[in-house]
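In what comes next, chain A is part of two complexes: it sits with chain B in the first one and with chain C in the second one.
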Partner chain A sequence: MIDRFPVSLPRTRRRHLRDRLATAMITAGGIGVILAVLAIGLFLAVEALPALLGGGLEIDRIRATLTPIAWGTLKAAFWALLFAIPLALGAAMHSALFMSPRLRTRLKPTLELMEALPGVVIGFVAGLVLAPWVERHLPEALTLLLILPPAGLLAGALWRWLPTGVRCWLPLSWAGLWLVPWLIALSWVAMIVAPALEALLFGGDLRGWLDAELGLHYAARNALIVGLAMGFAVLPSVYALAEEALAGVPASLAEGAQALGATRWQALWRVVLPAASPGIFAAVMIGAGRAVGETMIVLLASGNSALMSASPLEGMRSMAASIAIELPEATPGSPDYRLLLLAALVLFVFTFLVNTLAELVRTRLRRRYRRMGGTA
Partner chain B sequence: MTLAERIRRSRPVNEGAGAWLAAGSVALSLLMLGGLLLLIAVRGLGHFWPASVALVELEDGRQLAGQAVRELPLPDGQGRERLYFTGNRDLDGGVWAWLPVEEIAAQRHPADLVVLERQRWGDFIGRLVAVEPRETEDAPGQSDPEGAWMQLQARLAELETLREARETLERETIRPLARRLEDDPDNVEARQALEAATARVTRQTAAMEETTLVLESVAGDRFRQPLDAVLAASRPNAMSTGEKLGAWTQGVWRFLSEGPRAANSAGGVWPAIFGTVLMVMLMSLLVTPFGVLAAFYLNEVAHQGRLTRLVRIAVRNLAGVPSIVYGVFGLGVFVYGIGGTLDDWFFGDSLPSPTFGTGGLLWASLTLALLTLPVVIVATEEGLARIPDHQREGALALGATRLEMLTRVVLPMAVPAMLTGVILAVARAAGEVAPLMLVGVAKLAPQIPVDGDFPFLHLDRKFMHLGYHVYDTAFHGDDVQAAMPLVFATALLLVLVILVLNLTAIFLRHHVGSRHAMTAP
Partner chain C sequence: MQRGRLVRHLIRLGHSGSSLAALLTVGLLFATPLRAEPVGTLGTMGSDTLAGLMLRWGEQLTERHPGIRLQLQASGSASAPPALTAGTTRLGPMSRPMREAEREAFIARHGYPPVEIEIARDALTVVVHRHHPLTALDRQTLDAIFSRTRHCGAESAITRWSQLGVDAPPGRIELHGRNLASGTYGLFRERALCGGEYRRALNEHPGSAAVVAAVGETRSAIGYAGLNHLTASVKALALVDDNGVRHRPTVEAVRRGDYPLSRSLYLYLNLPPDGTLPAVERAFLDLVLSPAGQASVGSLGFVTLPEARLASQRRRLGLAPLADD
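And then the complex of A and B:
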């Protein structure tokens, strides 16, 4: 039977030749593509480093140009993370451990869609809709900022007094959804009480009070607005990674804690969270990397004035925005051009290092979970 | 035990404060996302709804016609003021009017107020007095607004056909003839045909310029307006809901199909849609083969050692490098480096004005391809890693070479993952603006990069982009207030495109999951 299809030797050789050729081509192509991608760092270093190593640029000039924009970058990223991290981690904890699985499978793609929203749209809404609104309604905005984060707490306190039948209708596992109308109602209340609060606490002129008492000058496009918008942009990626880390913790750990009498929250706080802390650290790092490099939001919502002020009510200029504004006008090879390339190199190195760190931590964590018998 | 007691015991009553705080943050995130999408959708779509025009009489006897936009408390806290869009930039010098609400004596919505969309000076809001066939000096005799309106409608329809005919003539007769004459200047026949066609166009233009409208603003200023410059006319107060819906649909269609006017603050976004789609298509043509190649190399061919693991991490991290850095790379290497060299070699006679040495379609696509390469590589690699090894081993055991195993077994199974990667890459590229600002996007590109001239696809031209259109109009426009509705509409369009692409990717990924669940042992 076997001899009915004798293997023709030349054909086999041709097949193997073709195979070897294709393998070589895939290897060459793959290495070529990867080198091309990695060439970015090389290019930036080659173009920018001579400027640093005495290519006609004094160190003073470099410092004078880069310091304010580095400050602006860090300030914007700080406020963004301040908004994004508590929200993202809270959402991750809730969806990893409390949320009903059905809602969770819907929530994750929704937040993924949120991640895909283009920065230019978020920046436009922040800079041209939110900023003028907050400028006119500063007391309302601050009241909202104060009232919305603990709104869930208030709901929980009220929930305990509800009749059991209602409580069954409004379980904690679906709270992510049914709290939304509650938040809307609270915002409405905040809008009503804000003017009264302003009149009571600040004599009816909050902005004047801020200026006189705290010396804070209010600029329409300020760090708070940027932080809010960029926090919104960073939130989904932090959420996704933190959720992955929390959900990957082997269930036996939390179950053990609960069997010993801990509530679900205690099990989360004392057992699951410490176990997942490297992953959460990685999530925050990734968020920081994104916040530092985000261009369009800062460009549209920060005012782009190179100030060195720590006030959250004033604007800033970030490195990415500086590059976007100035580089098209700079002559290639000129000192300005090299300075901007240096700024790009700094951004590249910073994000690359931060991401590498996060990735290493994540890989190690995944290995640890596998040892502990998890599935991630 | 009663039912109530049983329920109370079956669930932990008190989860503690933290659990509720965490639940609140989910709700807050959802609320912010929903609020943002709702805002963009309402403001973007609402713009095309024909708003009714109010005739406002003030306490001091002045009259004013306009569309109420919004109302705010006065800065001093005493009373409120309302913003009206009044149009008539040629008469009043501006198009906005803030009116204190308590100064308004009466407000009516008379049916005879017309809104004209014009090529110059923006919108006109006021009354139509007469439609005159020719520029005559004598004042119009009797005033018959209803008759004039009917006449205007008929004329506008005629005008539309004339415009189309003129465009067709220019596109199909004049331009090809002109090109033929350029190649062969002695072609008498072509020259005659061209002259005849040009004469026809001149005649048609004259016919279009013949009619003038006599218009009157509510303040009583009367003037003449050549009908040629009028694009559309409506009487929103006289429209029923059905008619308004029709006008809305038409407005949306014109937004999608027309080019921008008045420094991008009016008109449509067709060139931007075209530019975005073309750029993204070129980008995916570039990124798909290279990304897949790199993923196959990393996962199937390369020795799985420490170096490969490092390279994999590096590639993954490049997805997190800020897009503006890719823009800098594109500008330095593609535009100034390769583009400058190409100019020196092939386009020396047009220097110092650069051909490829400046931002353009090709460089933008290449830069974005580089930017999205990690996305495609990572997605494809994940797909490859999910394919069970016994499939590969089975193929090899049956005598297949590695190439045959890869192309006949692995590649077909990895197709959904590759598609997911490409779609995610496209969604990311469609929303990226920062790198494009450095490598070739234009505020207003007079020519779209595809036309009938050889080589048909002009890779060196600048192009318009939806995201950049949003940025530029919102940030650099003269009258941001007037441009806002269009910016919202553009933003909505961009978000919709990206959401649809992402949903497709999510759907595909689920599809991948279920397929491998079946094939896994």
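And then the complex of A and C:
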């Protein structure tokens, strides 16, 4: 003991030094990243602000250029979120509270793997495979979109009427698995029924009918396609965050509610959801931030036409896609260049605010769970 | 000093892959310094339209002169003039002529204008779906379809094929084109829309191949793309000039300059008026303005220059006349 002491002292000191060095490097790295982010913002502001402060650009031109692309950005994000949020939140609720743990451990990583898919690949598939297919099979695609959501509800209603013996074979906690054949079967029915429906309701020409009756023009690359593709990209991150928030709600809360006589549904709706709502809000915010900043999917699937139409069947042009297409060829210092940097600044500020807000809300939620005795 | 330079040469040449040939070249260089085989790296910066062609020429050049390597940066025509002005490159390929402001910036810095060399010709074609009944369009109609300003003199906008009286797909015409910053976008606007503004519904694609692919998918679509991007999925329309003569976008029509949407592709060179061409540049231009170099132009879908034009440009640059002259 005594003669080991002098040997171990330098070693602890060395370890001490190593710890300090590592801490210093990590801190320096963190500060470096923060500085880099601030520097990006500063660079954009310095480069773009002359455009606003009368650097040879009239306010009319700025408005004429930025309004359609700001509109397009919001439109694309809106359709993507409309598609992604119900699916992601539904999936999160089911997997956090109802799904069997065995299925959940397999499904969750798979869904999170979707997040690793590069936007270019999704955009490429959407623009070159999905868009032409939907254009050729518009009635089928629309029927699918109309049939699949109620089909899920219908499955739930039918399940309640099933005899108990069958219900044991199809437990609710495994719904994620046995719903798949049901949905595939209904999709198949939709594909068969669609042409007949088109002939019956629209005289066999849906696009002609849309054009003549509603004045809606169908463009091959449109908000619907972008919404589907980008929704697919946004879904995993929204799901992961919402799932984390829901699973982190202390079990004692729901158990207490059920012990007092609430049904599972009531416990979910009145206790767990309100408790996790800040986390869900944060998940939606992160999703919105990603949808607004997503570039390649919109670039490849939207047609990039600077339209101001609200129609989901027409294209749009987003800020991120504009920057990606135009910036490499814009002469530095020219008005076009400054306008693009201004768009970049707007985008930067927006995503920065949204992400910061989401992160703040999440931190507060975590603290609250800890107070309530949860694990997260 | 001498050894340091030799080592650097060896390292650079070792990178080029053909190290044995390079070693021999270096040996020759030191043995006969007067009849030096040109050695060095040729940096170019500019048009992405011309990237494939420059790459091909770079390969041919390395075959002819194993010591020369072409370093290519293709980020758009607009990137060439600033790079030439700043002196970061001596060769700038461009798919459009230099603008006045760009030329003036160059003169202000160097005191002389850049040398302009025409290296190939190209054309914009107006394309429709392969089953579309239309075969030709005149300028006014084209403008009425694509623009919202109608500077070419059409009376009313055309948004449906039925307005042209052809038995074409119903619904609105879908417009496809290039993005704002591309030379193709600007050229089409100047020549086909008489400098007017595109209709907002124009689908803007980041490349000509994407335009052709999109038009090939949609029966009611029309678009424009470079001649070398045409595929079997689309049909290129003939254009009717103001005298009522039809011009199909054929190689001959483009070479003669008859086809209304022809354009020239350029190489800009930083060369003082009294200076001689450095050996590396000389070797490159000698290749570009030779039958072998022009064969690459043709094989990549561009249009080769007429022989008279080749000869006159060789004379201007002080290159040896072609063998069969």
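Assume the second predicted complex is superposed on the first by the 335 of 376 C-alpha atoms of A that agree within 3 Å, B and C clash if a C-alpha of one lies under 4 Å from a C-alpha of the other, contacts with A are read in each partner's own complex, and residues count from 1 in each chain.
The rule is short, and it goes like this: a contact is a pair of C-beta atoms (placed from the backbone, for glycine too) under 8 Å apart; a residue touches a chain by one contact, two chains touch by 3 or more.
What you are looking at is a predicted structure, and each value in this text was computed from that prediction instead of being measured.
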Partner chain(s) touched by A:L339 [first = chain B, second = chain C, both, neither]: neither
Chain B versus chain C as contact partner of A:T331, first or second or both or neither: second
Contacts of A:F352 with chain B and chain C, given as first, second, both or neither: first
Chain touching more of chain A, residue-wise (chain B, chain C): B
Partner chain in contact with A:L299 - chain B first, chain C second, else both or neither: both
Which superposed partner A:G152 touches (first chain B, second chain C, both, neither): first
Touching partner for A:L235 - first (chain B), second (chain C), both, neither: first
Which of chain B and chain C A:L172 touches, first, second, both or neither: first
Touching partner for A:F124 - first (chain B), second (chain C), both, neither: first
Which of chain B and chain C A:A219 touches, first, second, both or neither: second
Residues on chain A lying within both footprints (that of chain B and that of chain C): 128, 299, 324, 327-328, 332
Complex contacts: residues of chain A adjacent to chain C: 68, 128, 131-132, 135, 205, 207-208, 211, 217-221, 299, 303-308, 314-315, 317, 324-332, 336
Chain B to chain A touching residues, read off their complex: 4, 7-8, 11-34, 36, 39-40, 72, 77, 290-291, 293-294, 296-298, 300-302, 311, 313-318, 320-329, 331-333, 336, 359, 370, 373-374, 401-404, 406, 427-428, 430-434, 437-438, 467-468, 470-471, 474-475, 480, 484, 487, 491, 494-495, 498-499, 502-503, 506
Chain A-touching residues of chain C, taken from the complex the two chains share: 75-79, 82, 170-172, 174-175, 179-182, 200-206, 213-214, 217-218, 221
Complex interface listing, chain A residues touching chain B: 15-16, 18-19, 22-23, 26-27, 29-31, 33-34, 36-40, 43-44, 47, 86-91, 93-95, 98-99, 107, 109-114, 116-125, 127-129, 136, 148-153, 155-157, 159-160, 164-165, 168, 171-172, 175-177, 179-180, 182-184, 204, 232, 235, 239, 263-266, 268-269, 286, 289-290, 292-296, 299-300, 320, 323-324, 327-328, 332, 340-341, 344, 347-348, 351-352, 354-356, 359-360, 363
